[in-house]
Structures are given as C-alpha cells and as structure tokens.
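Both complexes below contain chain A, partnered by chain B and then by chain C.
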Partner chain A sequence: MNSLPLWHRLFVAAVVIFLAAPVLIIVGVAFTSAEFVTFPPRGFSLRWFEKVLTDAQFMVPLWNSFLLGVASTATSIVLAVPAAITLVRNQVPMKDAVLAFMLSPLSLPTIILATSLLFFLARFGLGTSPVGLLIGHVIITVPYVLRTLLGVYAGIGPETEEAARTLGAGRWRTFWHVTLPMIRPGLLAGGILAFLLSFDEVAVALLLSTTDTTTLPVSLLSYLVYNYDPAVAAISTVQIVIVVVLLLILERCFGVNHLVLPSK
Partner chain B sequence: MTQTADLRTSQPYLSLRNLIKTYGSYTALRDVSIDIKQGEFVALLGPSGCGKTTMLRAIAGLVTPNSGDVLLAGRSLVGVPVERRDLGMVFQSYALFLHMTVAENVGFGLQMRKAPKTAIAAEVDQALCLVRMEGLKDRYPSQLSGGQQQRIALARALVTKPKVLLLDEPLAALDAKLREAMQFELRQLQQQLGITTIFVTHDQHEALAMADRVAVMNSGRVEQFDTPRVMYDEPATPFVAEFIGQMNRWPATLVDRRGADALVRSDSGDIVVRSIDGKVAVGGEVAVMVRPEKMQISAGSGANGSANAVPGRLKGVMFSGEKTFCYVETPLGLMTTVMQNRTTGADVGLASGDEVVVTWRAEDTIAFPSA
Partner chain C sequence: MTTQDIQALSPAVPTSKGVLSRLSPLYGLLPLVAFLLFFFVGPLLLNLAESLGMTQAGIDFAQYRRIFADIYYLRVIAETIILGVAVTVICAIIGYPLAYAIARSSGLQKSLLIFAIVIPLLVNVVVRSFGWMVLLSGKGALNWVLSSFGLPTLSLMYHWGGVTIALVHVMLPFMVLSLASTLETLDPRLEEAAAVLGASRFATFRRIVLPLSLEGLMTGSILVFTLCVGSFVTVMLLGSTSTMVLPLLIYQQLNIASDWPFAAAMGMVLLTIVMSVLWLQARLRRTKWRAS
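Then we have the complex of A and B:
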C-alpha cells in the first residue's frame, strides 16, 4: 500500500478515535472498582461483571435479546430470499412500487412504527406478545437483508443459474446448489446487520415487550432511570463481547472480507 | 459417444418450425424454420440484436416462444423443461460456478443425474482430457485464464453427452491468436464426437471457416441457410450478399434477359450480369454487386476481353500484408478491388491518379431487385 500523506493519516486517526473512544471508555469503566461511573476508572476489579452475570435482572433480558435477534434474523432471511429472487429474476407488475414498499420501513422513524404496531397488533390480541415483538423487529430488519441480497443477487446475472438448468438441475436443485452458495455473502452480510439492529433496538421493544420478554436495551434504559453504577458499563461490555465473538466466528467460517465486500 | 456424423441422411435431427418470439412489441424471432441434420455443425451468423441468442435459448428452453415448435429427433420439445431437454449449452459469459472447483463444475451435470461418485470422477477426467485441461482439476474458475475457462465450460457441457451442443459466441472473449487455435480445436472435437452443434457468432470468418452450414439471420429472420461456399458465391438476398464478405454495389436498370445472363444499363454503359430474379420486369431497377476480389485492375482503358469493364482513376493503394486493396473512382462510384500478394515484391505498378480500367466476369456479377 502506498504511504498516505501526513494530513490524510491524521484525519483517519481522528475518525478512528472518534468512533472507538466511546466504546473504549465503556469497556474501561466496566473494570472499575468504584461504586459509580468515573473515567478514568479507579482501581481494577471484576465485581461489576460478577454482579451483572449473576443478576437475572440483566441475564434474562440479555438472553431475550439474543433469542429475538436470532429469530428476527432467521425470519428476515426466510422472507427476503424468495422476495429478492422474485424481484430480480421475474417480471413483477409495478416492480418499483413493490420494492419501495418493502424497503419503506427504512425511512420510517421506529418510534412511529412501534406506536402504530402496538395499536394494530392489539386488534389481533398480539399487542405485547412475543410474536408481536418478533413481527416488529422483522419489519425493521427485513429491508436491510433484502437490500443487501438484492445487490448481490442482481450482480450475479441469470446465466449461472440457467447453466445449471441446462445441466439437468431443476429449479429447487438449482437454488440449493447454485443460487444459495452464490448469494451467501449477501445473506451473511444482511444477516449480521439484521442481528445487530435487532440486538440493540429500543423503540419497538419498549412498546411491545412485557416484563417477561423485555430486551437488554429496554431494561438498561429503565435501569439507568434509577441507577448510575458501572453495572451498565459491564453489561454493555458483555454485549460488545458477544457481537465481536459472533463476528469472529463468521470471519473464521466465511471470511468477513467476503461478507462485507462483494466477492471477486 | 455413439452419434454418427452422417450428413447425407435427409432426416432432420433438430427442426425449428415457424418459431415466433416477441418481447412486448418487439419481435425477436419472426417465423424461423430450419432443419439441422445429425452431427452437423451449424453456425448462426448475424449482426448484433438479430435474435441469435434468442433462437439458441428457445432451443434450450430458456425462452418460451410465442408460437412454433422445436423438434428433436422427431419429438416436440415444447413443454419439456430445460433440465430434461438433455442439451449442452456454453454461454458467452461461460457462466461457470465460481464457488466450485473445475472438477466440481465439470461433474455438475453428472451429479444432477445422480451418477455414482467414482463414475463422475472418471468421466470428469475424460472430459478434461478432451479439452486438454487435465492438470487444473482443483483450481477455482477465478484462477483460470479466459481460454481455460472457455474449455472448462465446454467440458462441462460435453460431459453429459448432450444430444445437441449449443454454443453462444464461445470464442468472443478470446484474443485473435487463441481464437483461431480454438476454432480449429473446437471443430476437430465436434467431428471426433459427431455431436450436432449450433454455434452462434457474429464473426463471418469464424462461421465460414468452421461450419458445415451457415444460417445468416437479420432482424429475427433466417435470410439464408446454406453451405459456406454457396452462401458466399450465391447469396440469396442483398443482406446476405453485403453481410458476408465485401461488395461493390451500384444501381442499374434491367434492359434484357438473354438466357443464362442478363443485361443491365448503368451510368457507365451496359453490364452483363448473372441470371436475375424472374420477378424483375425489363426496365425495373436493380442493384448490381461484385466482390472486390473478383475485379481486376489494369492501366489503360481496354476491356481486355472481359465481359464487363469500367474506366476510372486510381485514388489509393493500401497494402495489408497478404492482400493489396485498390480504390478506384469510377462513374459508378468508388470501387474497391483486392489483389492477393502471391509473390514476393509483387506490386500493382500503378500510382494514385493513374487512369485505369476495372474489369470482371459476367458470372461474378450479381443483381438483386432494388428494395
């Protein structure tokens, strides 16, 4: 790589610091031995980790968030894959309108979405059920998965799948042996986005969850109303670790470079 | 491979009957009908957008024609899904499976036919051997050159022993040298396997050099379907005449029919042409065409005993290796003549501005009714 001019490097460094500093501060604070949030942290201890990891007040929402994230991601993928394939390869009447509609949650403030969903779902008795919560999150995550899939799939062109057909593969086997492996980068990139979005989504979860189904961001929010101790930093650090570990696993299995950048 | 390459049997193996395909208001195939014999190598030639790919895709089943029929060995393919037509296809983009190795790519068709693993391995080896790519089994397509990818695509299509091989400009992406070598190899391979092949190209030299018969297409129609020689010497339509090779062309009126040939009158006196379409009445407008290589050029103004002669002034001489082109300004417009440089040091012996005469034979003069 060519060496960048000094001002360029300074600029990049500034951006990195700006993006990373809050995260580093949170992680630092989590290891404090003090009773309250201070920076730089005083002393070193794992007491706040011990507290959050043994406290159902944090662990149940964390598990809920994880489950919800996985379920929203899986549901989004199941919905987005057929939609992307149909929209890209077939003649759909009013294709642009359909596409714009499916991506429209992207442009809607989630709090408005959440409020209207609450009223809408209540009609069917799903107001604050786990299913309602899942529906709310899927509405938010599906456009992201669809968007990434559309890009990847449209870039592939129909000929590879047609070649598979001429070689004797029916539609289903063509999908399984050719289409799916080809769109995998988009699937993984979209899936990661969906999971991360669901994992720290607040507005919908705030309105649609109950004490049993409350998610981590929601319970953190309510915890912060009365408390200002480093437990919040500790559970945030746990959350960061989970995300980083997930990304590392994916990187191991598939190579994140492949996921984020289009494959050659 | 058991197919016999018997071109004499009159029974068509693959027949297209009155195929019509429209995209919205655009007609990509207008009533296409051709019969192809077993083991025949047919080149589909035509300008960009004339419907070559559409025709190939209609045979493969990737495009559903509005009407018409495709018959393979007497049986209609209409309604038979792509995967059960048993045809091999090589796409212009090769369309290799990028996530599979070369061996997996080539073995895909057999895998889909549920062949046992050991049989697949053996067949793959054999197919790779056929295209001389034995050593690259474990590579991925992205690690291959264009020419290598093209061979893999060919091996992949051949390995299932398809009834017909459909090739959509398979050589278009290769450089000139490699392309020539592949033309020869592909033709050898096709003859060796005796496989009925349709080869799409918009390179006329490729079509003439490789094919048993050439189908020239123009805006969705097959204009002529004949052997390369007939196609070149006896074009059926003005489009074919001008699309294949080069033509000098000028207008004239029919004066007289005289048995085998006919007399037309042009701006530079009378010209004797080969027989002309019976539909043209005496006094009717015709377009006269002569290929540059059939014309001679010499100094002076005499006809030298040729049936046809036009005086002119030499405008320029262009040497291009094996040939020399001369451009002559005549009363009929600019004429191009071509001379083969058969001997070393051969020179036209003429300079720009010289008074010359262009002569040619009646048999080499084609005339079509003016459109």
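Then we have the complex of A and C:
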C-alpha cells in the first residue's frame, strides 16, 4: 500500500470515510441530549439509551431477533453438517448440480422468497407463525453455513477419521470425537455468519412476522416511517456494538482475512 | 479376456443389497435437500402458479398483461434495471482502487482496511439507511457542512440521487471483496516486469491488471446488480413516490393492496431479470473457458 501513488492513497482514504460516515454519524447522534435529530448534535447524554433499553417497543424485538438468530443458526448447522460431510467424503452423483442447488437461495432476491413463502405457508395456516419465520431465515442462512463448512472440511484429509475407524471407533464415535472437533472453526465461523445474517434480515421478517414476533430491523423500519428521533440512533448503536463484538470474536477465532479472502 | 474372466477379477458385488444400500452414504444429503425442495422450490412453484391464476381455474396471463400494458409498471421495471446498472458501475469504479490497495497491503494495514469494509456490511441496512437520512436530509450533516463553507445546500433525499448514494454504500463491500479476492491471486511480479519493460502505470493497469481481474469484476458486478434490483429498504426510507422500484412495488401490492396474484406476477418478472443476468454470467464463463 505504501508503494501506491499519493492520489491512490487519498482516494482509498476518501472511500473509507464514505463507508464509515453513516455508521459514525448514528453513534454520534445517539449521545445527543436534544429532543430531535439535529446537526451538529447538541449536548451529551445517555437519555436515549436509557429510553430504548427500558422500552418494550425496542427490547421485545431485540429479544425476538436474538432468539430467531440462535434458532436459525442451530437449524442451519443441523442441516448443513451431514450435507457437507457427505459432499466431501462420498462419491455424489452430479455433485456440482447438487451443490449449485443447495447454494441457489443465495442468488434469489429475498423479497421473492418472502412473498412465495407467505403464499405457501398461508395454505397450511402458518402464514405468520414463528415457525414460518424460522423456515424463511434458515433458507437464507443455510447456504452460508454449508459453504463455510465445505471450505474447512475439504481441506482436512480423511486419514484421522480412517485411523479412528481402524482403531475400532464406530461411525458416531468417530463423528463425535474426531470429525466434529476438526470442523469446529468452520462451525464457529459459519454459525456466527448465519446469526449475523438472520439478525440483519428484513424482507422475510417484514412479511412473515406479527406484532408479537417482530424483529429488531422490522420494528426499526416501521418506527422510522413515522418517527425521526435519536431513539433509533441509540438502538442502532446497541446493534452496531453487538455486531462489532461478534466480528472481533470471529477475527480472534478464525481471522476475518481468511474468511473473506482466499488464503494464499 | 472373456466376460467370465472380468467377473472373476472384479470384487463381488453383494447382490442381496439393492440400489438403496448403495445410495446409503448419501443419506446425509437428505435433510437439506428435502428441506429446500419443500420450503424453497415448492413456494417458488406456487408463486408461479399464483401469478398465472392457476389457484382458481385454468391458466391465464391477465396479471402479466396488466404489467406489460401499463406504462407505469414498465417504467418501474426499466428504472429498477437502470438503478441496478448505475449502482454496479459506480461500485466498480470506486471499489477497484480500494480492492487493489487491500490486495497490495499486508499486516495491520490490511486488517484495518478489511474491517472498514466488513463493519458497514454487517450493520443493518435499515440502520445504514437511517445514517444516510441523517447525512442527506434538508437539515442534515452534509448541508450543515456545505452551508458552513458558504456553499449552496443540496436536496438529495427523496430523489434518485440520495437513493443511489445510499445503495452504493450498501453494495460497495460486496464489489470490493469480490475484486480483492481476484487481485490477491495476481502475482505482483507481472506488474514489476511490465514496469521494468517500460510500461506506464496506466498501461500496466489496462493491459495486465485489468484483464487478469476481469473474473472478479464480473463476479462482483453480477452480485451487486442482483442484490441491488432486489433491495427495497433503502428506497423505502430515502425515496419517495417518484422513486419506485420493483421489489418495493411487490411489497406494497402485497401489504397495502393485498393483490396476491399481481404481486406474484411481479415477483416472477424480478426473478426473470435476476435469472437472465446469472445465465449471462454462466455463458460468458463458458465462452472464456472454451477460448483458453
């Protein structure tokens, strides 16, 4: 980077500022003591944090989002682990096609997924049930978990598992004591990714949730349509802190560089 | 060698076990395949049926005629595509220098640059759009800066301008990450060789770096375009009635007008746009593979 010409380095700095600006401005506005979003922010107080952290209007959706994220992550892992092991270790006919099918929800606009699922679930009387919400989120998160697991598991040779089998361990024992510990980095990275995606998802939650099951992004969206006060900035700051903490855990355990860029 | 000889040489196939047992190692695929067939393919087929009025009686194309006979809906489709193309092009131009810098840096600097990209990516779209509302609104941060320098203020919110800026912000990380993963694999010695042989920086870029990173540019562009034509939160918050896009229209038809068949048909139009772009990508990749 230091070898790059000055204009290039200045340009990179400008783009980084552009990327950071809306995030930083929200954190700034959250600490205002004024009644409205004004610029520049006036005064310093924690009153808006106090408001949102004691207001059920925000805390119930935050809890819902958390539960939905955990449930989607767990379901995705249960579905993706056997699929990933089978794809790597067995001769799967038409492997590329099977994998393309399993990853295909990635390229579908979520609004289409949301409307189709609403039509479908409404026929079973599950139109806006928590189960429908979970199904919608799992469809979105499971391809990411599968892809992360495949990346980790494909790099591990079958020797250790074969040794365990030769020494008399059964199929399940081998899985539990050998395979699972070996794919733990993939499970952790895929799991956190799935949680973050579910935690951030809007389209499915907007169409399939009710006032009782509404998630944080959806409640923020409907709040913003009618209000424009620093409360949204405060709850957004809480959300940003949660995301950054998870990202730092991910970095420590796995290395974000390896997750987003191919390792050399 | 006779048939008997071959049979004698090949290991005995247990004939008592049928096709099922030979497929048994594939049981692991079953839960995920069944889940996706039932809850992903099923709903999409139902969506298609709904758009063709098949849930009542027979097939009719009334919903599609409604879309393609109305200049308003045609304009929404056209503007959705134009917005997608514009955001993709801007992301490519802004993202390329940043991706190159990431690929050519190392250590702490690289980690910081990646963090600068990944953090906004993980901050909710609603929150980011709200950030742009604070920045771009009439009495927002941008106009405060402009007026304190004695410059005329801008009204970007509720216009395509503000929507485009915010969408570029949302999509930029995807473009940069796609480009950076290709540029990572590019050997810096190729550029050094070009420089030693007297090529200018621009010539090296145009004749060496750009052609070798086309793959990443294409992946990033397709990703940004497909995500962009499908996103509606940013348009919902920063736009107005004059900035309508297809996904937002689908949402409104469903939620406000409760016109399910029409929403389903527009969903199919959006799906067709996305699928044609993905088909184009697959075709380009095949042609390139044949050429090499």
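FYI, the second predicted complex is superposed on the first by the 219 of 264 C-alpha atoms of A that agree within 3 Å, B and C clash if a C-alpha of one lies under 4 Å from a C-alpha of the other, contacts with A are read in each partner's own complex, and residues count from 1 in each chain.
Here, contacts are C-beta pairs under 8 Å (C-beta built on N, C-alpha and C of every residue); 3 or more make two chains touch, one makes a residue touch a chain.
Being a predicted model, the structure only gives us computed values, none of them experimental.
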Chain B versus chain C as contact partner of A:Thr210, first or second or both or neither: neither
Contacts of A:Ser33 with chain B and chain C, given as first, second, both or neither: neither
Broader residue contact with chain A after superposition on the shared chain, chain B or chain C: C
Touching partner for A:Gly157 - first (chain B), second (chain C), both, neither: first
Contacts of A:Phe101 with chain B and chain C, given as first, second, both or neither: second
Chain B versus chain C as contact partner of A:Leu196, first or second or both or neither: second
First, second, both or neither for A:Pro5, with chain B first and chain C second: second
Which superposed partner A:Ile85 touches (first chain B, second chain C, both, neither): second
Contacts on chain A seen with chain B and repeated with chain C across the two complexes: 264
In the complex, chain A residues that touch chain B: 157, 159-160, 162-170, 173, 177-178, 181-182, 263-264
Complex interface listing, chain B residues touching chain A: 60-62, 81-89, 91, 93, 95-99, 108-109, 112-113, 142, 156-157, 160
Chain C - residues contacting chain A, complex: 25-29, 31-33, 35-36, 39-40, 42-44, 46-47, 50, 94-95, 97-98, 100-102, 104-105, 109-111, 113-120, 122-128, 130-135, 139-141, 144, 166, 169, 172-173, 177, 180-181, 184-185, 201, 226-227, 229-233, 236-237, 247, 250-251, 254-255, 260, 263-264, 267, 270-271, 274, 278
Chain C contact footprint on chain A (complex, rising order): 1, 3-5, 8-9, 11-12, 15-16, 18-23, 25-26, 29, 37-40, 78-80, 82-83, 85-87, 89-92, 98, 101-102, 104-105, 107-113, 115-121, 123, 135, 138-139, 142, 146, 196, 199-200, 202-203, 206-207, 216-217, 220-221, 224-225, 228, 232-233, 236, 239-240, 243-244, 246-247, 251, 256-257, 260-262, 264
